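Both of the next two complexes hold chain A, though its partner changes from chain B to chain C.
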Partner chain A sequence: MKFKTSLLAVPLAAALAVAGLANPAVAQTPKKGGILKFVVPDEPPSFDGHKETTFALIHPIAPFYSVLIRPDSADPSNSSKFECDICTEMPTSTDGGKQYTFKIRKGLKFHDGSPLTSADVLATFQRIIFPKEGISSARKAQMSMVESVTAPDAETVVFKLKRPSGAFIPALAAPFHFIYSKAKLDADPRWYEQNVMGSGPFIFDIREAGARVTGKRNPNYHHAGQPYIDGFEAIFAKTQTLRVQAIRGDQAVIEFRGFPPKSRDDLVAALGKDITVQESDWNCVLLITPNHEKKPFDDARVRRALTLAVDRWGGAPALSKIAIVKAVGGIVFPGHELAATKEELQQIAGYGPDITKSRDEARRLLKEAGVSNLKFTLTNRGVDQPYTIVGTWLIDQWKQVGIEVTQKVESTGPFYAQLNSGAFDVTLDFNCQSVVNPLSDTAKFLPSDLAGDQYGRFKDPKLAELHDAMNGTDDVKQQRTLMRQYEKRVLDEEAHNFISLWWYRIIPHRTYLKGWKAGPSHYFPNQLDQVWLDK
Partner chain B sequence: MFRYVVKRLLLMIPTLFGAAVLIFLLMRAIPGDICYLRLAAGGGTVAPDVLRICRAELGLDQPLIAQFLTFIKGLVTFDFGKSMWTNRPIIEEIGLRFQLSLQVAIMATLTAILIAIPLGTISAVRQNTWIDYFVRTFTIAGIAMPSFWLGILIILGILITSKAWFGVAWMPPIRYVPLWEDPWYNLSMLIWPALATGYRYSAVATRMTRSALLEVLREDYVRTARAKGLYEKLVINRHALRNALLPVVTVLGIEFAFLMGGLVVTEQVFNLNGLGKLFVESVLNHDYQMTQILVMLVVAIFAFTNFVVDILYAWLDPRIRYTR
Partner chain C sequence: MASTETASATVIEDIPRRPTILATLGAFSRENPLGACGGFIVIVMIVMAFFAPWLTSYDPTANDFGAMLAPPDGDHFLGTDQFGRDLLSRIIYGARTALLVGFVSSFVGCFLGLILGVTSAYFGGRFDLLFQRVMDVFMAFPLIILALAVVAIFGTGVQNVIIAITIPVIPRAARIVRASALAIREMPYVDAARANGFSHSRIIFRHMMPNVMAPFLIILTAQVGQAILIEASLSYLGLGVQEPIPAWGLMLRGGAQEYAESAPWVAIFPGLAITLAVFGFNLFGDALRDWLDPKMKT
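So, the complex of A and B:
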């Protein structure tokens, strides 16, 4: 009897801990002081936000920098609300949606005491959008709608676009767009790869290779009264078990990426009211990519059969108990205004309400294509959450229609080597983005000759036309219509790629951490200027 | 003795060169590209010209022989270069980790010696008594139990007992501080991995001590010593144990060298920022330069430890140096 009670207690306590968030307590006055210790699963290869793409850079390094604009810190889940960091107010577009003028705050200073002006903002975005030869800019493609950036005076920066674009503001708000010092960039364009000097809430203090990064409070931070904490310590800890135990043993307050459901339940069971859990849909998804250059995956019927066999509606509730996945969705982040509704999704192959009917159709297509006894290898990445779990689930789904699949798990290096060389049958790839920006995020599904990270090895001019048309209008209704056509072509008509389940972010943290809200991405919010410790 | 030492030192050179050739070729046989991993594995795209520049900067566009000669030249001149992953000097990257790995290795070796020699001796002397059975069970458990698993149990045990006894769950620190900066903090972190690895290490050494001592105790000269009426304590300590220690010293030497670079999983369990963790990360990241230097470091440690063991052999058993 006691055993039964304790089994029930874990999910109940977890539900209560999460529910506590839905009904937030009366707003408290932030307390000042203390050092926030958090764990980070990886160490970034360099300190340059413009170059890197990993959350391992954002978590320990973002607190040292300011950005021009950022997702609304009071409501980070709202993908259409943004706020100024170093600008004075969010601008409205002019010139028919083709120009945005930002006014920069006066009196801003870098940590070395030098003034931060529009010249620094200009140098930063020139480096991101129009990098010189030899400079790597990871988000250059997302900012490709920008024609020019100018700084007519010390407090003004103007972005001129090639055409109106709904993707511009969310792309601009990427948390990697750290504002760098023009003087430093002029002296050495790669200075920021090995050094940190920003204007953010914290001043760089210590970096111990492979161990930690620390920051101390910036007394001259431009948001008055912030940050509340005296400093932070980002501790690199590779294993998930250790990160969970570190929170349990109070060696760390939080890990900002996310834990699987079991770890949440363990922490809730062990710590009770001392742990708070925040959860959110996650702008990350695993997609299945067949290699179009390999037979029989050059046949759209075979690709459609693969997606038809997968029971997403039935699998989501079960998988969400063991893996960091939950929502059923199309190519757009679920819940966004450009995302398909449930009724619209059900019109797409593999999303139908009747899985038996879908699987019958899958068998028919396989037979018609002459591959009733299809066998192939699923090349997967050697990362437990959620790659191998979802991969194992997919193998079972395909088995239901008589497809025999072997899973080949590779570490990241050999995995990408095989994807790049085309030495795979079918693979599980991911699309993880920061600020929810479907017009830009869905570029991942473009044909291989246009998207560098499309591993399907196919051409499809019609798909490119649809994407261009969608990005060429700022009429949301029209964008939505075009998005449905684009989605239908990607997932159904051609089945170039197909979606498994969207990720789900679970962040258990010590209850005494206040002022931090989980957003739909593990890339933000992480400047830590609004967090405080209620100890 | 001098000739013996010089000969042993010279024998290290071909060993090191062979290891250098092997690791250089093996690293290049692993599929994957450090530039692609660095620039695109976190998501996003990377332009071909950026990849080309990255490869040129890292010297990966050079012919293999040129890359090998650069590597050997760096080794000979002690210029180990920069990590291809972090672009920081390798000496700097290894420095802190080396301290930590060395301290854990020393602590684990001390733990092993303190457990193994007395237990092995008592087990041999009291063969087939309950003490012997207990020691044998204890050592078999030590060999069977992986150190990392014992480490996880230790952490969980500490969390649970501290919560039960003091009301607050305590966990060993997860960040390294050098011994001379804060001895208490340092030891409260490193004592647990030293115990976890030292236990397994001691189990091997205890069994070796026991079997070597049992063999020696049956030798004629021990019987003679006893027949002369020497105290049993003297017979064991002066005549039997010293000779029985020869194979034990070999085991201790090999294990010590292994601990310097091979504690990969245990380091992860306790979040030790040691050489083992760096090793795995550099292999996964395709950081050729770092991996090559780390392999050479571990080979050098093994070679040096073997050298020290050889010297100890000669000290423990004078016949060895006279016959060479």
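So, the complex of A and C:
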């Protein structure tokens, strides 16, 4: 009997395989099982998603948490498509666009078995939007349109806005907005900085400092049938070569952040059809932030000189060959309707078509400010791509106008400690956002008293007024006009921060990884509940 | 009168003449040909470090995007890196970083080790016992591990790398110097100095230290090569000297790893520089030990 079954099974399997090849829908049926190993270029400074802004937290930690809503995993490039995670359906606004009511799924549980209700969602968003003294919230500025959050019953959460805002839903969908347990927060508001306990697709298993974080499948996950994989292993590997070799040697399947073109070419040449490459523009930019509390960077002329010395148009084509950067742009994601055109950019300091003229102006400003022989330390993050490469390039650019710069490279933890304490002259910081949403994304450039992740240590009420006005209108033309004024003030008149180059995302991964699509952000989709291994 | 002059002239001729420096170098080279090679490499390095601006026309930190990853040719004898920087210039200027870190950390570390080692030997007893156990703790860590720990505390940069290398050198130098100083402590002239009521510091600095100079010089030269290697290792790991300072270990990091297959010159030449420098200092140090240590001659 067994023999006969086997005989039948061979042609049946062959027929199914052919059918599968002919029909992509059948071929894409997720397979269950396996451990997804991926490499992460850095370790998280803490485990608190509300506080942190880095991929180093999202990649290994996001799979342990649920969020209220998230960008559409099947179409992550679409900045207007969102889906519920723990809510039941995406709400439509009421009260003239000023109120959003979310219904929370029933029967949700945290990994410790305690129930997840609207009280936990309320506690989470109150911590993010209205953080108490001593609690750091990196995205409170992006959520500044929210007037109040309430939970009228165990399954309902209501967000009331100060004014209608198209930026609200994209801001709410930030993948850092992990749902925390109210009980844990009540006991210790900073408990989540050192501990992990969520309600996501994976349960925290092991953390070996400097080596890896592992998670195992959550059998009670609220999306039926998911996750498909049994677990994951996030392997920390600081050097890019190591990460590329890990994928090449099949010790890792993917790195979710991005590789430069050379690494892509090497992997494709070595692995052929076993490697799949996904590419995307990247809602991420490296910006230069002078510490306004330190002399001579309290002088706008000195800050302007720094940006005037940088040849962005000349540097972009070359740097795009060796780093994960590509486009020249202002403060808005290039190509977006609110972004500056090339002609508009060329009116801003540091974007002029004639670099010689710009550098002459930089020298003049430095002389006028009495710092012709300016020397300072550039505090940079110890991540290969693109920090140290762009940092090295910038030092050469500044040298052209007589500025002598020493680079101080720190790993992520000490780097952010210095940024937070103000113990730096000039730093390379980033503005990487999830959903492309310039009205919200540009909150990064708000003054330090309003933006939780602005490290420039300055106040500028006019900037806040412009940002408010921009977010207070639905008229795109008016938004655009205000955005140009805001941009001019940030990058030119005050030069509070200035932009280097926008990033470009290249993700080469093992072809057997399925169910994952690269979008314009390296922050999503990273819950890993929809990925599967076709092995 | 005349006969007296003749006699004194004869006496003077009988005194052996002190050999000239050239004759000494010649004798050293004949007895230690490998050591002479090492010495030659060291001299070349020193010349490179001192005369770097005259030896190359390129700025070692200047980016040239028109010559990114250019292979060795007439314009760039050793090629360029991913920023288009001339590799020969970076290697020549890199000798400055290597020698600065190597000499300063070795000299300071060995000098402190000299003071501590001689002091420990001179006082002996419980002080020596306790002091040597502290040295044992430091010696238990491999040099690179201890240097890594120090860099982790102080941070990166040339100054901190020097500190990071100096600290592990101290116990190593102290241990070797102490061994020689223990024998010197028993010498009659040290007893005589004590009997004359000289202070401890005078006995240590004036009477003992000059007599342990041979092992001191040997450990000093040996440590320079070691220090250069550690600096290169720390920089390679991203914990030492930072871009854009030309440093050989740093040149092996990043671009050299990524482009090792398509542009091998980016990795080969800095690697050769490190190898030759360490090789040179080690050969020279070994030869110096043979030359200065009478026990090695018997």
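Definition applied: the second predicted complex is superposed on the first by the 314 of 535 C-alpha atoms of A that agree within 3 Å, B and C clash if a C-alpha of one lies under 4 Å from a C-alpha of the other, contacts with A are read in each partner's own complex, and residues count from 1 in each chain.
As a working rule, a contact is a pair of C-beta atoms (placed from the backbone, for glycine too) under 8 Å apart; a residue touches a chain by one contact, two chains touch by 3 or more.
Since this is a predicted model, take the numbers as computed values, not measurements.
Name the contact category of A:S148: first (chain B only), second (chain C only), both, or neither.
neither
By the touch definition at the top of the document, which applies to A:E208: first (chain B), second (chain C), both, or neither?
Once the two structures are laid over each other on A, A:E208 reaches chain B alone.
Could you look at A:S80 and tell me whether it touches chain B, chain C, both or neither (first, second, both, neither)?
A:S80: touches no partner chain.
Mind working out whether A:G315 is in touch with chain B, chain C, both or neither, as first, second, both or neither?
second
Output check: A:S372 vs chain B and chain C. Expected answer is one of first, second, both, neither. What do you get?
It touches nothing on chain B or chain C.
More residues of chain A are touched by which chain, chain B or chain C?
B
State whether A:Q347 touches chain B only (first), chain C only (second), both chains, or neither.
Neither: A:Q347 stays clear of chain B and chain C.
Could you tell me if A:S46 is touching chain B, chain C, both of them or neither one (first, second, both, neither)?
After superposing on A, A:S46 lies in contact with chain B but is clear of chain C.
With the two complexes superposed on chain A, say which partner A:T241 touches: chain B (first), chain C (second), both, or neither.
After superposing on A, A:T241 lies in contact with both chain B and chain C.
Which parts of chain A are in contact with chain B and also with chain C?
In chain A, residues 238-239, 241, 414 are touched by chain B and also by chain C.
Residues of chain C touching chain A in their complex?
Touch list, chain C to chain A: 61-63, 65, 68, 82-84, 155-157, 238, 242-244, 253-255, 257-259, 261-262.
Hey, which residues of chain B end up touching chain A in the complex?
The touching residues are 30-34, 36-47, 49-50, 53-54, 85-88, 92-93, 96-97, 152, 155-156, 158-159, 163, 168-176, 268-271, 273, 277-278, 281, 284-286.
How about chain A: which of its residues touch chain C in the complex?
238-241, 244, 260, 262-263, 266, 314-315, 317-318, 321-322, 382, 384, 388-389, 391-393, 395-396, 399, 406-410, 414
Per the contact definition, I'd like the list of chain A residues that touch chain B in the complex.
39, 45-46, 51-56, 133-134, 136, 138-141, 193-194, 208-212, 233, 235-239, 241-242, 245-246, 248-252, 270-271, 411-414, 416-418, 420, 430-433, 451-453
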